[in-house]
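Should a chain be cited, it is by its letter among A, B, C, D and E, assigned in written order, with residues numbered from 1 in that chain.
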Amino acid sequence: MVQVILIIGLMLMLLGVYGFMQSKNLLKIVIAFTLFNTGINIIMVSVGYLADAKAPILDKLPDLNEIPNMVDPVPQAMVLTAIVIGLGVTALMLSYVLKLHQEKRSLDINNFKDLKW
Amino acid sequence: MKQLVEIIQNHFPINDIDLRKKSLAFISIHQNQAIPLLEWLKTTHGYKAFVLLTAVDWIEENRFQLTYLISNPDNFTELGVRVFIDREKAEMVSAHHLWKSIWVYQRELKEMFGINFPNSPRVNESFILEGWDTIPPYRRDFDTKQYSEETYFPRPGRSTNDPAKHMKSKLYPKD
Amino acid sequence: MKKDFDKDALSDMYKDKFLAPENEIRFVNAPDGSIIEVNPLDDYFCQERPKELKPRKGVVEKFLNWARAESLWVLGFGTGCGSIEIPPLSTPRFDMYRFGVQMRATPRQSNVFIISGYLSVKTLKRAIRSYEQMPSPKYIIALGSCTINGGMYWDSYNTINRLDHYLPVDVYIAGCMPRPEALLAGFGKLKELIKEGKAEKANEYIQNLDWYKANQKKIIKDWNMPDYNW
Amino acid sequence: MDYSLSRFLYTLLGLFIVMNWGMLMSSTMRRIIARVSGRIGIPWYQPWIDLIKLYSLRSQITHGTMFYLGPVFRLMGGVGLFLFMPMIYGSAYFMNYSFSGDLILILYFQFFGMLGMALGAGEGGQPYSAIGISRGLSQFTTIEVPMTLAVISLAIQYDTLSITEIVKAQQGSIANWTLFTNPFATIAAMLSLLGAFGHSPFNLVKAPNEIPIGPPTEYHGTFLGVLRTNGAILHVTEAALFMNLFFGGATSWLELILKTFFIYFWSVFVGVVFPRFRIEQSVRWFLKWPTLIGIISILIWM
Amino acid sequence: MVSPIYIIVIALGIAFSLGFFGKSKLNFAGILVLLGLLGMSFISGQWLFAFLNDTAVNTLIFTAGFQPPYSISLQMGLNEAVLTSMVNIAGLLGFVYLFRELSEKGIHLLMVYLVFVMSMNVSLMTRDLFNLFVFLEIETIALAGLILLINRKEAFQAGMKYLIASGIISGFLLIGIIMAYQSGGSLNIDDLIRANSSIGKISSIAGFLILVAFILELKPFPANGWGIDVYTAAHPGIGSLVSAAVATTGLYLLYKVLPIVGPQFNDYLVAIGAISFIGSNLMGTRQDNPNRLLGYSSVGQVGLLTLILGLAPSLGNQTLPIVFSILVSHFAAKAGLFWISGIIQSNHIKDWSGLRSSPTLMLLFGAFLLALLGFPPFPSFYGKWELLLTMGGNQQYTIVLIVLLGSFIEAIYLMKWLGYVIKLERVEIPRENLTLHKQMPIWIMGIVLFVMGFLMNRLNNYGASIDYLPLVFIFLLFVLDFLPVAFKNTLSIGGLLFYFIHLWDMVTDDLIRQIFLVIFLIGGILTFLAGYAQKGKRPGFYPTALLMYFGLAGIITAQGMFDFFYNWELMTVGSYFLIIRGKRSMPHAYSYMLFSIGGAYLLLAGFALAAASGAGEGLDALQAISILPEWVYGLLAVGFMSKTASLGLHIWLPGAHGEAESDVSPMVSAILLKAGVFGLVVLFLSIGMYNPSAERLLYVLGWVGALTTLMGNMSAAFQEDAKRLLAYSSVAQLGYILFAFTMMTQMAWLAGFTYTLNHFLFKAILFLIIGAIVVKLGTHNMYQMGGMIKKMPFSFIAVLVSIIVIGGIPPLSGFAGKWLFYNAILEKGWYFQGALIFFSGIVAFLYLFKLIYSVFLGQLKDNHRHIKEISAWVLIPSYLLIIGIMIFSAFPKEVLLPISEAIAPYFGNDALVWEGTKAISHLGYWDGTTIAIVVGTAFMLILAWLIALSAKAQKVEQFNIVFAAERPFRPETTHVSYNIYAGFHKAVGFLVTPVVTSFWNRMAEWTLDLAGWGRRIYSGSIQNYTIHVFFYIVVFYLLSMGGY
């Protein structure tokens, strides 16, 4: 099960990579980037996941025996943070796309090569 | 030569045709037609080489005669083109655009005869004479003997004999 | 032996109708930005009037004259058709070197100037210049009748008749043309004159400089040089 | 360091002999040239007469101080060369001031006169002078190449740079002359001598009839007299240098006269035969065969 | 002590509270931010101060009340204190600089700015890997926001590229972190390090991904198109932060995570750094957009620092000081340069010439560029020296080569830029940008640079040998630059004189050093005398000239390699600024500087190699080279020869000397060239007379010297420009000197010293006088001069004496040199070189005659008719030098005897035997005094005779010449001077075909072509750049992990 998730995450990530290498449309690139991020997040979650384990939610002082049966909370916390950050980045990217579109009325990345050499 | 002259006749109004020999002829043409004729001869009949330009002062007829002698190096013929210009208004169109070397002749004629060639290179500079300030010496109304006597301190006592008479009187004193 | 001459001619001396553009007063920009006036004739030529150089006295002068007579250096300047008679002098047939006569290429080192034949006005100017550049004592040999009375060019509009009106002549060699032998004889005569101390024409020229200059300037209208060419 | 009066007087005497021999030699050579072309030529005393005449001219001009000093430098070059050259081997009187410098001094003192002449002529402002000097300098650069090589070869051979020592080593028999012990160096040097004496084919410097007479075009009278005096001294002294280096030196004035005559004659001989080289031709020529021979002369001794 | 956690507190607190301010209170908001930044700087500064005073210890601050790994910990150690201080200062100054722009944009950007600075602080301090990631992302986002500060399409594009690329990088970082966590069980860096070092538990792929992510954050060449674009398009104020603060942070982060991945990546780091350093600098050579150029330079510098980090194992505990010294130079210089760029606001480096209107900015600009190149007295100099010496000591020669090559390529474009700024026609800069708040940050950065240079000097063990007195004096003169020339001149002369006396004690027992000290400082005073003839204020002249002279003096008194090189570089900088003062000097000064830097780097390489022998760092260590001695000597010799302009390295000299100002030419020709000679002297003395390992080298150098002589003299003969002629003459004379010294016998060294002295004497005279004449006549071309002897008799005499000395004509001192020389050659047995030298010695007459004839003799020209003699202030030093020549000529023994005794310990004392005034060698003899007496007497006699005979000669004018019976019309056409050696040129002109010049031109062309070809990878497309990043990762992976 864990492996499946891992592979799905990897696939998503590679899909994202393929996306922003192949696509010429800025919006699609942003979407590909989101895919890439999602893939990474899934991979991260899968790393901390233990099959048949408990959710790491502590409402009382944990029993020491239970701890190995809990899912590692750190990756999940990290994923949460990463998602937030990813959201921020995506938002900023979209605002950039907006600016670029206002400038040239186009989303084709080949139109944005003013800086070179 | 004859054929050539005939051909020329067909194109230009020429007169005074003077066929000297197989390879030499002289023709006369009006002042205005001369340069076009020369150019035509140069471009279409191979008279590429300019030989000389000279002038004669026909003071009695009150005109100068200019002779352009040009040559065809392909068949070794020469053609003299004569032009008569007014002595009072001695001026002729320059031909230095046809032959570069002609400017020397034109400069000399300017100095010696006072014939002007407007726009010819360096035509107003002195050529042989430095600082000549009277009428040009080759004009026939210039009296060279009188000028020399006035200018060059003739040695008194010099007597001059006509060589023919002198020799005759020496050799055949009786006659 | 001062010669008479027309004083009025002097007034013409400083007229130069045909002043060359190079000799006109010009204004140039100096490197420091000021504009300076250049008068070529005054600035580039020595305007000093030559002085008469008296011979020494007595036996010294005799000895020096002997040396001068035996060492005649001829300026290699052929003015007219007679100059063709000069080269044979250095051939084995005539061999002028025997007599101490040698050719020099520059007037600074020559004593003898052979005016070889007719002188056109244009050449006269050069001859005067060369003569004046020669160091004194200097001698002129006039070759051929053209230099005496104009010869066959006596009525030419451009050839002088009498050389002695323009330059002082020591020895005339008559003929049209004189042969090289005559020229050698002329050298012999010149040597005699020098040894006798009679060849002082260079001083005579300076004594009568005004007269000579007036004559020269009368015919050389395109003067364009200082009065005396040092 | 002998500064005595007697040495000074003997040196003056030597200078006088050398000058007069130089004059006689030049008139003799000119007579020889005349005979070659079938003429009689100048009287043998002509140089003296010319000199007297030059010194006795009445009018003179000068272009300025350097023009004036040029002949002084030039004559100083010749006289200096004489002063530092041992003329008669074994004579106590005619070694001049050669104790103050060796061969290198002699080689470099040649430039003294040249430089002065060049400057004096330069101030004359005469274009032909400048042309003559530029030609002379160009040619001189390469004339000296074979000479240098030969001198180096000699220095290796004799292990000294002192001319007296070199002469000393050649005494005894003719077979001891450098001419026989070091023939390549001698050939190189003798080819270089052709240029140094400036006879045809290497007379483009003065090039009579082309650029009137090159550097001294403006010189006349006394100045020219000084230059001619120098010429007489210089020719003998330079010939004496070659004599000292390659032909066993001289033990008496007679020997000196004979040897210098033949050394000088060599350049006249060649000059009569060959026409004039252009400057680049002579430069190339000197850099070709004479230089090669000079290199060989060193290689042999290395 | 305020806890560093308050940095975050202040930043976040103010950022949040900013939300309360409306548009109307923007200024107040700005001031609040400023106060916040001040507070942050204060906190870090306070820690730094404490650490420097040893009153603080490494402190870990735990957040949330837990210990790691359960919480995030911040560390405040010395490193962090230093770096946060740097970042905060950059942030503070950057904010001051950007105050107006940021305030105009509203509070949001103010917030972003605060967060940006804060994020860098935290990422520097944090010890938690994931926290690091988070703040890195925050930094990225904040930066992307700050890029929007200017409203241009380029900025938008750059921001977009930056976001995408760093998004990908952070993706990989995230994977790396999670994998590290999985294998190491903790996110705390210390735990991870422990885990890795004890049981190797960190999986290699995790380590690789973390490492590559942090490397890519540093924008390594060639996967850095997105980074370069940010530099190009962002506001320069932001660019400065990116270059100074972000790069600093990134480097430290890399340093921080390095232990996690273990030492196996060090070699790859070195390679990456090297590629980045060389490649990026190469790309910079074709750049003319200042911001982009600075971007390339930043990448290059960071590459160098990466390389050094990778070298940590061999550098040991030197690593951090070296890194810091280079980093702080980069930090201050780049920040300053970007800020200046913001003031200039131009897209082309040629427009920066407007800087000249502000001397302070100009000074700082020069200082920044020189600091980047590692010139003293800036900190990077010490770093590079230490780095190279250590590397050389460890025999890691490739590193030495890479560092020097990269630095040289960097110099190519930086020096070109400097030249443009100094010389190009002034393009006015917008005055409204020259406000205090824009300039003050730059000033502070400049001060930081100087202070850090001073501190670095004091902190390392070389400090004692550096004399700061001259630098203070130079600074004083810079401050007094508004005063008239006469005052500054007097002050400078006084300074030199004082310094001369001051230094004389140090060299009393060393004649060789005394000679050079006299040449350098007394020569300097003499050339300064000519300065009184100058009018106006000559801004900048005196500080630079003194810098050169003090550098020269420092070379002499140097005891160790370090202070030798230090002063060498000072002298190079000073002379560069002197040379570039000439009207048309820009390209020549540029080539001078490139050759000088190249030469200096060769010296550095030589010293580095010498360090391998482990004989210490004193100059006497050169005597005991055991490892690669031929290389050491060769590198040093070629390095010195770049200064003496030997064949192959001479092409800078004619232009540099020929186009320099009239009194600068003698300084650089007669004096400066002797620096190279002194170097050679020191080197050859170290080599010693019989050193088998240098024999071949000396032989080759001897031929080089001989050929240099020939080439120099020939080229001089064909020059029409008077000063260039003299310049080529210098080349040739230096060829003689080099040749003499390579012979390594006492006689040859005597000749060498004679030549050195002579060349100093006559070349100073010639350049002084010809230079003054050139100025006076307004032309360099000799054929436009002529006839000056009548106008300038004193100059003529001086020139005449000089050329007699050059020509070696007896009786003047030039002949002493020649005589010794040929004796030495014959003794040594280098016959063919000797013949060549003799030949070129005669060729010298060609140019000597041409010089004196064309200028002084011949025909006087129209426009020179009213010229007067040149200024007495030029003639006085010339005649003082002539007196020197005369004394040397008449009493050679008094000079030569002490020298021969001074060099006797090295070469034995059998060259010359003196008999009275007569010198006797093995081969010949020579008596200078007698010759002088004999020649003088004879000359006077002849002169008297001629005067007696022809005193009455009529003085005539210049046109009274025989002219084939004609008369000259114009002096111009009568003066035969142009190309007078045409015949000679026809015969042997092929010898002076400019082979060397075309070789170097070809090299320059190829370098630029390579750069032009290489930078095509920066196609401008976002996709390409992402592909570069992937490709970089893949290649790096394959090379490092794939077993290839």
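By our rule, contacts are C-beta pairs under 8 Å (C-beta built on N, C-alpha and C of every residue); 3 or more make two chains touch, one makes a residue touch a chain.
Keep in mind the model is a prediction, meaning the values are calculated, not measured.
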item: For chain B and chain C, chains touching each; value: none
item: Farthest chain relative to chain A (centres taken as mean CA coordinates); value: C
item: Of all other chains, the one whose Cα centre sits farthest from chain E; value: B
item: Chain-chain pair with the highest tally of contacting C-beta pairs; value: D-E
item: Chain occupying the most central position, where position means C-alpha average; value: E
item: Distance between the centres, which are taken as Cα means, of chain B and chain A, whole angstrom; value: 106
item: Distance from the mean Cα position of chain E to that of chain A, given in whole angstrom; value: 50
item: Intercentroid distance (Cα basis), chain E paired with chain D, Å; value: 54
item: Centroid spacing, where centroids are CA-atom means, of chain C and chain E in whole angstrom; value: 70
item: Two or more partner chains touched - positions in chain B; value: none
item: Junction residues of chain A, two or more chains touched; value: none
item: Interface hub residues of chain E, defined as touching at least two other chains; value: 954-956, 958-960, 962
item: Interchain contacts (touch definition) - all pairs; value: A-E, B-C, C-D, C-E, D-E
item: Footprint of chain E on chain C - complex, ascending; value: 20, 22-23, 26, 28-32, 34, 36, 38, 40, 43-46, 48, 50, 77, 106-108, 126-127, 129-130, 133, 224-225, 229-230
item: Contact footprint of chain C on chain B as seen in their complex; value: 126, 128-133, 137, 142, 144-145, 147-149, 151-155, 158, 160
item: Residue ranges of chain C in contact with chain B within the complex; value: 17-18, 121-122, 125, 148-150, 154-162, 165, 215, 218-223
item: Complex interface listing, chain E residues touching chain A; value: 130, 134, 137-138, 140-141, 144-145, 148, 153-154, 156-160, 163-164, 167-168, 171, 174-175, 177-179, 181-182, 187, 229, 232-233, 286-287, 1015-1016, 1018-1023, 1026-1027, 1030
item: For the chain C and chain D complex, residues of the former touching the latter; value: 46, 50, 53, 55, 64, 67-68, 70-71, 73, 76, 90-92, 95, 97-98, 100, 102, 104-106, 108-109, 111, 135-137, 230
